[in-house]
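Look at the two complexes coming up: subunit A is in both, with subunit B in one and subunit C in the other.
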Partner chain A sequence: MTSPAKAAPGRGGVGDSPVRPDGTLKVTGEFAYASDLWTDGMLWGATLRSPHPRARVRALDTAPALARPGVHAVLTHEDVPGRPVFGLDHPDQPVLASDEVRYQGEPVALVAADHPETARRALADIAVEWEVLEPVTDARAVAADPDAHRVQERGGIVRRQPIRVGDVPAAKQAAEVVVSGEFEVGIQDQAFLGPESGLAVPADDGGVDLYVSTQWIHKDVAQIAPCLGLPEDKIRMTMAGVGGAFGGREDLSMQIHAAMLALRTGRPVKMSYNRQESFFGHVHRHPAWMRYEYGASGDGRLLYADVEIVLDGGAYTSSTENVTGNAASLGVGPYEIPNIAIDAVGVYTNNPPCGAMRGFGAVQACFAYESMMDRLAAACGLTPVEVRRRNAVSQGSRMATGQVIDSPAPLAAMLERVDAMPPPPAADASDLRNLPGGVAQTTHGEGVVRGVGYGVGIKNICFSEGFDDYSTARVRLEVIGGEPAALVHTAAAEVGQGLVTLKAQIARTELGVDRVTIAPADNAVGDAGSSSASRQSYMTGGAVKAACEAVRAELLARAARRTGRDDLSVSGGVVVSRAAGAVASVAEILGDDAIEETREYHHRRTTALDPVTGQGDSHTQLALCVHRAVVDVDVELGLVKVVELAAVQDVGKIMNRLSLEGQIHGGTAQGLGLAVMEEIVVSGGVVRNPSFTDYLIPTILDMPPMRLDILEYPDPNAPYGLRGAGEPPTLSSTPAIVAAIRDATGKALTRVPVRPEHIVG
Partner chain B sequence: MDFLRPATWADALAAKAARPGALPLQGGTDVMVELNFDVRRPAALLDLSGIAELRDWEEDGPVLRIGAGVPYARIIDELGARLPGLAQAARTVGSPQIRNRGTLGGNLGAASPAGDGHPPLLAGGAAVEVESAARGVRTIPVGDFFTGVKRNALESDELIRAVRVPPAPGPQYFAKIGTRNAMVIAVCSFALALDPVRRAVGTGVGSAGPTPLRAAAAEEFLAARLDWAGRGPLDAGVAREFGELVRAAAAPIDDVRGTAAYRRHALSVLARRTLGWAWDEHRADTAREAS
Partner chain C sequence: MRVNVTVNGSAETVDDVWEGESLLYLLRERMGLPGSKNACEQGECGSCTVYLDDVPVCACLVAAGQAEGRRVRTVEGLAEGGRLDPVQEAFVEAGAVQCGFCTPGLVVQTHALIARDPDPSDADIREALAGNLCRCTGYEKILDAVRLAARRKATA
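Here is the complex of A and B:
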């Protein structure tokens, strides 16, 4: 296949690894994050939050705060100009609590002051009279009796999604081997390093200009506008520098609050959470309780799965419906099972609010189904790799939803490849950093046992269940300084994943030009959808490709008119005839004119899941990752050193190897965190560790070197054949590491994160 | 909040006498975190980081006298050979940046039961040199220094000037449990110091009680049972019993970092293991006794 355009070799087109524009700035500390925003005359906003997970607001007196010198505004729910609630999928979360707070940290009042310290003191001046109520904290109790545990008007259940395939009772009679287990996943936090921050500037037209770190500009604006009582075109939003997202910026945080303060005071207002507040300022990964029973033939071929999953969404809907849908549709992973009964339920409680986080419902289920595959292997006397290989899906297999996998799914081959990788050498115990505990010197080798484990994960790419998922790109080609230059404009959020780099690569390849500028992301161009669901290379990549193709078509049409030839392509800024070679430069064709095209890219439509049977072609694309983890465990102290993580991932097409490897490393590290340390610990709805002192994320001494084997089986439905890559490694690294710890210790380890007490207990 | 930055030690003592509520500041690795999170708002900060003499260490007769402002990084680099237990503990403090800023004086001032510097000072028989403008210098044995959770024996007009600690007369080890392999606050920690000359044993236990503490019964037991002169192999039963006595000395709680039961268990393992390392070193180290 020949393309009518290509980037000159090595000039940063698709498949190259050009250096990302923000990389050096971030490493040297010069990158401007949203928390660095500054403008003359700005005020500082601050948020009063509930100390209680559930309480009634009996009285609230803002007068003492307003009286403090330097305070310009104190706002409560009575000051919300428009709709009092917002939400991603259902507007049920109060902008500011009115009668009742439903989670610890729920915003109650806002202050704008001329100094952040003044704002903070003014918060303390606000007198709130609380009537503390008993919080609802047992998600399983809500699932069992939702009416008895109603947290809000919508009730106790966010969504119940069953999956029914075949005849599970009959299969239970036929099974020769039965394994079962209960599993739990604790609350993981995105732990992005750049806290929620932004600047709201009141505009002359009565609207507001917002500069924020977000994941989805248009969805933000669509939620903000009704709460402010403004039309959407009065809200202009521009991406500010994002310090990580991982799903935690998909819900609103300070956006409406800062806009309210700016509109009230007529001054620019900056809000920036500190680390502790950030733990209360965004949703987390849903904690899960899961009961699994599998039956199989004696040779380890699965006959049935009987599964119950309870996800705790906290007090407001956020993304819980879709997280629950994912947990159901991906509840048994990439394995062929003829008889399936899954009941996945997401509930409301007064625990911390949960929503989108990398892996989105698939992570929780993956820990359980992979743990089950190891139990099945043990029961059948098979190796973990062999039992997975025997049940692995492939192209043409049916998922639990009945959806047929219609593009490559080379799981068996991936398992064989990871199994064939050489094992890492024994640890060099002469350097403490190679041992569990590191330089804290808990062992010189005593008690250390090596273990090996495997994990497989499957993740839906792009939005599912009938959502019309699309992205928009505007591309302009013109001559600047005698050279053809492209300008690419989208609203897609660069959250660190490297999309800005990739968009330029696509433009270079499709337009055959070297110079590409990426315009700041804002809502002056159409919706790009969210930077989540591993979808932006696919969706915004697809939109940029389509817009570039339209620009190129116009360019070549002009060139054809000028040259009388119809065998033209463009490369390296030159229009080339297949027969006659170079015929004109792009600059000559364009002259002083510019070509600008805007295109939307929609992925093929999906369908909803049947509410009774859970059947439906709900996913656009599915992506696989396989991990092998090698760990050294100090079995006497319960401390773990992950020695090596090997991964095999199919990405369809390597668009930028450097960025891709970064995504696989990062996703794997986040899965490692969930496996052995990351948890928001909650007691009675109250968070006990809202700090990086006690919410631990992996350091360089925790994350081992990785061995990567990246495969390219093209998906014919996707741009360039690519497959979304950011989330799959987050799924499979967790169960692989826990399996390796089980291998070393012989412990059942049914809960993540695994704590030392679980290993020595 | 007032910010006081005396240039000399005498000025610092005068300032502390005049403003007893002023909070001393060295590297700021603990104090500034608490300020940033609004944990406390002292009326004044007394920044001692400009006082040159606090940043030196010296030999003072039989002891090493370490100024309160000597950062952990220098303890590791300059005193590691003579105070191996303290250097090992210093190596577990935070990140390289924190070790460049954080000081032993600040650690003692904060008096956290989890302070990494405390167990090796307890095991090594250190004393804290404190001073006030009114009453001059006094030296407090480190075992008497910690008086409660984040409380110490300083009077309101006193400042920590130095730590006095004898060079290791024998093997010293420090071990710390954390649920991450670096940059972690101790779930519990243990320091052991053997003194083959005096045939004495020192211990220090961190994060397993309201204050850092010594396991006195374990020390006495072990000192009596070790084959100091014969340097024979360590009796497994003695090691185990030593571990049990350290476990018994601890008074830990359940908290977000770990359970009391795990802390006790881990301390018994750390005590046994550090004893094994120390005894192996003692057996190998005939040179030290001969000299």
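Here is the complex of A and C:
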């Protein structure tokens, strides 16, 4: 009686690639991003930030700022109405610093003024007397002796997560081949283009209406409310247009600050960071130091892994616990290894704060374990593809955590497919634009050498380690203008990935209607969880599917009562009987009534990792991507041109090919950035390059053509069999590109990003 | 100060402009045209690209006063008679839009490219769009969109 409806192919259902519902607004400039918001009587907020990575605030004088014409409020920690600290997992980050600042850029005071320039000048009027302290900046020193380097009350260590499998000391005796290495990953920035921005409007009931760009509305509200001393129902949050996220909007930025200024002044307050401030306004990807030792039999089959990973989380907890957990549980990648010892540790320092970024702890480990696989290949005289194939996991394999992979993991087939792809042609050196360095090339390509490299990555999809991960969807079906129309309402963040398109596709498929409207995301509906961990197609997709199924069941129950039939389904706006064909239109069944259902969708429960052995079924789904990179390197000038990137990815089910390809392309590009250019350079806790002049992200000249081969091995546990897709390509493209540069240069290249001096040095 | 400027074909006068404001601020905050975007405000990302007279510029690098007496055409002014420009259509259809924050600048820059070179090679496209950063797409679908737009304009 509730057999699934089918949207006809090409009608914008699951599997089609309908255009984005927000596409036209985005190409005409009418789409309202958070920084575009404007209202009558609005003030501009601005933030005074610490210039020091560690210092004590001896005195703070706001009077000169308050005296400046046009300034309406100047607030400090004394003005925080409620709890003085917030945080994603632990409330340990001050809303405004009270006694000590622990990273460069930590917020100290706020100003609201009638013009952004007035606000900026008022910040300069605030007199702060600093007692500068020696910052803690050596993460490995903290890991070795945490008590000697405490930067905050919680201590020096955020989390230690060991993994212990088998008997590594015995395996060390048996190994015929041993390879080892130390690897480093620099700090990567999400560099979303839409700066942290939003509008806070004070409400008549003493609460506040917030219009912000975020990844997780409900988590924001849960953190904001206690700091404002308000109940959660007085914080009404509506998603403003989001200009990219990539993890960098999972933590709060301006939300509490703008709300404080609005509540104090009784006026709407807009805050919008500029690019320099944005580099201090969000967490980054954790820098990592990693020591790896692998032993294998002579034919390249892994016997043991002995691994140490140190992740620098900066001064506050953010999501470092879970990033550390990922680095541990995915620390040796998608390879079968019978004996494993991993020690992953996340620490507190006074370096820039780090938290979520696309790939989330798995990126750092992937660079190391893939570098190790290439070392093993070389030591055993095998090709990079063959050494990976010999050790590849498959369905039924055990991960390092002991978790059995219980859905397809077609890594061997993926490796064969990427290996079989034809190589790109040699560069036409007669056009300088084809050479490394482009038109800046000063040679005729005499020093250019081609290299090829491979990378494999495995990423957990959805939240792990026992978290009760769920999403909520409300779906309403009614007749509008004589046609059945569905309204889909969730709190899930559309950050550019195309979730708005996918939600409508699912509603069309499940309800057999063409007309679907997506309601703005807000907290008038239940929690959707974060747009992170590649989880929204799975989780909010699953919730929309469940809510649609409930609506459909009610619709068909009404149709059954009316027709006396129980063999009904719905398609193209018509209720169809298997025996009798079309029996009624959806509009006839509904009449003036609406059917509305709300459903929560939870994925299979996972378990925590054992704190001593790291064993546990901690992930609900795992996803694989394989890259082949082809590069041309000018080995004399140290210049790299990535010539082609080919990717094979298993996504379970292609829900929307156009959006999916965009995710793989974009994820691959961020991996290229980490491989050859992107790093927040820090010395003594101070950021040296907080601008797009000095922090480089890939341009259209840096990105090569990409060849994609997308596989569909369904996961029986996931909605439609889909597998999360946004992050895996970010893992594997980095090691593939670095391997290709090694192939061209013969250099060890143990650190990313690879810089010219690493190639010519 | 007062600024007289023709924006998207309409002669406008804006009063009380502070001399330090950029053309981007003038458009976004004083003229209700936030389509041009504020991603870096230092001329590195191209998201604020507009035509100043007939030349694409970063509006963040132009002082508001420099626009005095000149013509500005923004992304809001590309669609004519309620119909999207072929460049805008192509960006939507080709999947070149994700978060969309770079899109207005890329659309204007592509519009200018095809106006001066109706059949650009891939190398030409890459060179012309090298000043426009996109963080979401990896640029593949943007290349598709530019090729599609050029074909559409050629047959229009």
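Points to keep in mind about this one:
Rule of thumb we're sticking to: the second predicted complex is superposed on the first by the 750 of 761 C-alpha atoms of A that agree within 3 Å, B and C clash if a C-alpha of one lies under 4 Å from a C-alpha of the other, contacts with A are read in each partner's own complex, and residues count from 1 in each chain.
Rule of thumb we're sticking to: contacts are C-beta pairs under 8 Å (C-beta built on N, C-alpha and C of every residue); 3 or more make two chains touch, one makes a residue touch a chain.
This structure is a prediction, so every number in the text was calculated from the model and none was measured.
By the touch criterion defined above, A:G662 lies against subunit C but remains apart from subunit B after alignment on the C-alpha atoms of chain A. Counted by residues of subunit A touched, the larger count belongs to C, out of subunit B and subunit C. In the superposition on chain A, contact is made by A:T699 with both subunit B and subunit C.
In the superposition on chain A, contact is made by A:L639 with subunit B only, not with subunit C.
Of the two partner chains placed by superposition, A:Q173 touches none, neither subunit B nor subunit C. Look at A:R755: by the touch rule set out above, it reaches subunit B but stays clear of subunit C. In the superposed pair of complexes, A:S430 makes contact with neither subunit B nor subunit C. Residue contacts after overlaying the shared chain place A:N274 against subunit B and subunit C alike.
Under the contact criterion defined above, the residues of subunit A that touch both subunit B in one complex and subunit C in the other are 274-275, 433, 691, 693, 698-701. Within the complex formed with subunit A, the subunit C residues making contact are 18, 20, 28-29, 32-42, 44-45, 47, 74-76, 78-79, 84, 88-89, 91-93, 95, 97-104, 107, 123, 125-127, 129-143. Within the complex formed with subunit B, the subunit A residues making contact are 120, 274-276, 433, 436-444, 446-447, 636-639, 641, 676-677, 681, 688-689, 691, 693-694, 696, 698-702, 755-757, 760-761. If you check the complex, the residues on subunit A that touch subunit C are 17, 19-20, 22-24, 26-33, 35-36, 38, 115, 117, 190-195, 241-246, 272, 274-275, 431, 433-434, 495-498, 658-659, 661-662, 665-670, 691-693, 697-701, 703, 705-706. Taken together, the subunit B residues at the contact with subunit A in this complex read 33, 36-38, 88, 91-92, 173-185, 187, 189, 256-259, 261-262, 265-266, 269-270, 273, 276-277.
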